[in-house]
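Listed after this line are the structures, all set down as structure tokens.
Each of the two complexes below includes chain A, the first together with chain B, the second together with chain C.
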Partner chain A sequence: MSDRTDLLLSLADDELVLGWRNSEWTGIAPFLEEDVAFSSIAQNEIGHARALYELAAAELGTTADELAFDRTPEEYRCAPLVELRRLEWARTIARHWLYETADEIRLGELKTSEDPEIAGIAAKMNREEAYHRMHAEMWVDRLLSTDDGRSRLKEAVDELWPYALGVLDDELRPELRRRAEERLERKLAEVDAVPRGVHESELAELLEEMTSVRRSAPPGSQW
Partner chain B sequence: MVTAHEVWEALAEIPDPEIPVISLVDLGVIKNVTIADGRVRIDFTPTFMGCPALETMQREMLAKVEGLGAEADVRVILDDSWSTDRISPEGRKKLRLAGFAPPPPRTAGKLELVQLQGNGFRCPYCSSTDTKLDNLFGPTPCRSIRYCNACRQPFEQFKTI
Partner chain C sequence: MIFEVFRQERKGQPFQHAGSVVAPDEQFAEIYAREQYGRRQESVALWLVARDDVTEIAEFPDEFDLKYRRVDGYSIKTRLREARERAGTVDMAPGASDAS
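Moving on, here comes the complex of A and B:
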């Protein structure tokens, strides 16, 4: 597999799995606005995943659906940050904000890629992600504005920080640290990143659920 | 043989699947129409990548060209060339009349939440700018929800992208 396909699949798997996790708030978010917000963000992320899978599928001679749904858990390239099941509000906001901050750094690099398809798709994704970032930053600021919120966010960010570093390649991690510390106005731990390629047990559970309808249909069914 | 002008006219009859008051041409998603070797090529720039209407739009375009007695290929262009700035003045007027506040123009710098929380957004019902952001996200990817303090009516605001 080429480096390009590997990159496309890493991006697509991040967006698909996080999109799925975001959609877990549909119907049960703390209030209606957030139900709508997380559902809409999920729809955007899964839309990005589809476009990225289509580019990868053209190289691999397969389809976006087969890449999204028919691989084994070990074949996924997503960062463990997006795999974690964290149906708790401060952790959800911490993951959302850490991911979107890392994603902005990554898309900023990809926008200048010499590969016109990758540069184009990164620029287009970035326009939509701007709304996700504003939403995430609004929530971080809201949590930081009370003692209770600040302490819950701190616990969640400290737990997820090694995972957040693992979203990015080595050379981009210092920029993530700089941006995160600037907003939180505190230092974050010097820790090893949880790298891609290692999977949390939650990924297999997620894929089991996500593909259950597809697996129940006769092979070759058209959707 | 069909001409590009005829194709544009036919495409202008296709309503947006989710906001049928405006056409695909008003929405600015058709970047180019070319005719070569007897086939029509439509360069299509999707709006939001997760929009479920994108496939319907493509099917409708193919059917319209078929109705002109020609065959078409739709080339999907995924880059930054579609923006809400591509919505035509006529399209913006139709949006407002249907109760959707049209998107403000793109700004040169980074889009900031504080701008969206400001009151530079006009209510499509009563034209007051005394409106506030209620939710960055709405019923479809392309819309936010605002509330008009003057006529006490929530309304859908097209996002700028």
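Moving on, here comes the complex of A and C:
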């Protein structure tokens, strides 16, 4: 597999799996407006995944659906941050914000790629991610504005921090630290990143559920 | 806070009331309205108005049966044109150049 395909799959898997995780709030988010907004953001992520899978599929001679649904858990390239099942609102928001912050750094790099397809898709994604970031930043503002919110956000960020570092390649991690520390106005732990390629057991469970509809139909079914 | 949301479906069309969103502030309201009324490309623009900023008129006293003011079944178009001709304001009327 080329570096390019590897990169596309890493991005696509991140977006698909996070989109799935975020969609687990559909119907049960803290209140109706947030439910609709967060579900819509989740759908956007899955839309990004589709576009990225299509680019990878063209190179691999397969289809986006096969890449999204027919691989084994070990073949997924997503960062463990997006795999975690954290059905608790402060952690969900912390993950969302950490991911969007990391993603902004990553997309900033990719927008300047010499590969026009990669640069193009990064620029397109970034235009939608801008609203995801706005949503995440609003929540961080909100949480930081009360003692209760601040301590819940702190606990969640500290737990997820090694995972957040793992979203980015080595050389981009200092920038994530700089931005996160500046935003939270505190130092974050010096820890090893939880790297890509090592999966949490939650990923297999997620894939089991995510692919159940597809597996229930005969191969080649049209939806 | 409750924000009333008005939605424009296509450029140039009037904004119509779409519904409302509950949000802690205007910033949240903006995101919620965007996702609730714009995520399927059903709007080209939205107006958000805090409900508290809306002036409502909800009293229309009707002591003498105001029904007589309605013009149901009465064709006003011809009468209006005749009146304009008499007054010499035909060319000034909006849409006066239309054949209709």
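Points worth noting:
Here is the rule we go by: the second predicted complex is superposed on the first by the 223 of 223 C-alpha atoms of A that agree within 3 Å, B and C clash if a C-alpha of one lies under 4 Å from a C-alpha of the other, contacts with A are read in each partner's own complex, and residues count from 1 in each chain.
Heads up, the rule we're going with is that contacts are C-beta pairs under 8 Å (C-beta built on N, C-alpha and C of every residue); 3 or more make two chains touch, one makes a residue touch a chain.
Please read all numbers here as calculations on a predicted model, not as lab measurements.
Following the overlay on chain A, a clash is recorded for the pair chain B and chain C.
By the touch criterion defined above, A:M138 lies against chain B and chain C together after alignment on the C-alpha atoms of chain A.
Within the superposed three-chain model, A:S40 lies in touch with chain B and with chain C [touch as defined at top].
Contact with chain B, but none with chain C, is seen for A:E117 once the two complexes are overlaid on the shared chain.
When the two structures are aligned on the shared chain, A:R127 is found in touch with chain B, with no touch to chain C.
When chain B and chain C are set side by side, the one touching more residues of chain A is B. By the touch criterion defined above, A:F31 reaches chain C but does not reach chain B. In the superposition on chain A, A:A56 makes contact with neither chain B nor chain C. Superposing the two complexes on chain A places one of the chain C stretches 6-14, 60-68 or 78-86 into chain B: stretch 6-14.
In the superposition on chain A, the residues of chain A contacted by chain B and by chain C overlap at 33, 36-37, 40-41, 43, 131, 134-135, 138. For chain B in complex with chain A, the touching residues are 48-51, 77-80, 82-83, 110-113, 116, 134-141, 145, 159, 161.
Residues 21-24, 27-28, 31-32, 34-36, 39 of chain C are the ones that touch chain A when the two sit in their complex. Those residues of chain A that touch chain C in the complex are listed here as 31-34, 36-37, 40-41, 43, 131, 134-135, 138, 142.
Interface residues of chain A, counted against chain B in their complex, comprise 33, 36-37, 39-41, 43-48, 50-51, 116-117, 119-121, 123-125, 127-128, 130-131, 134-135, 137-138.
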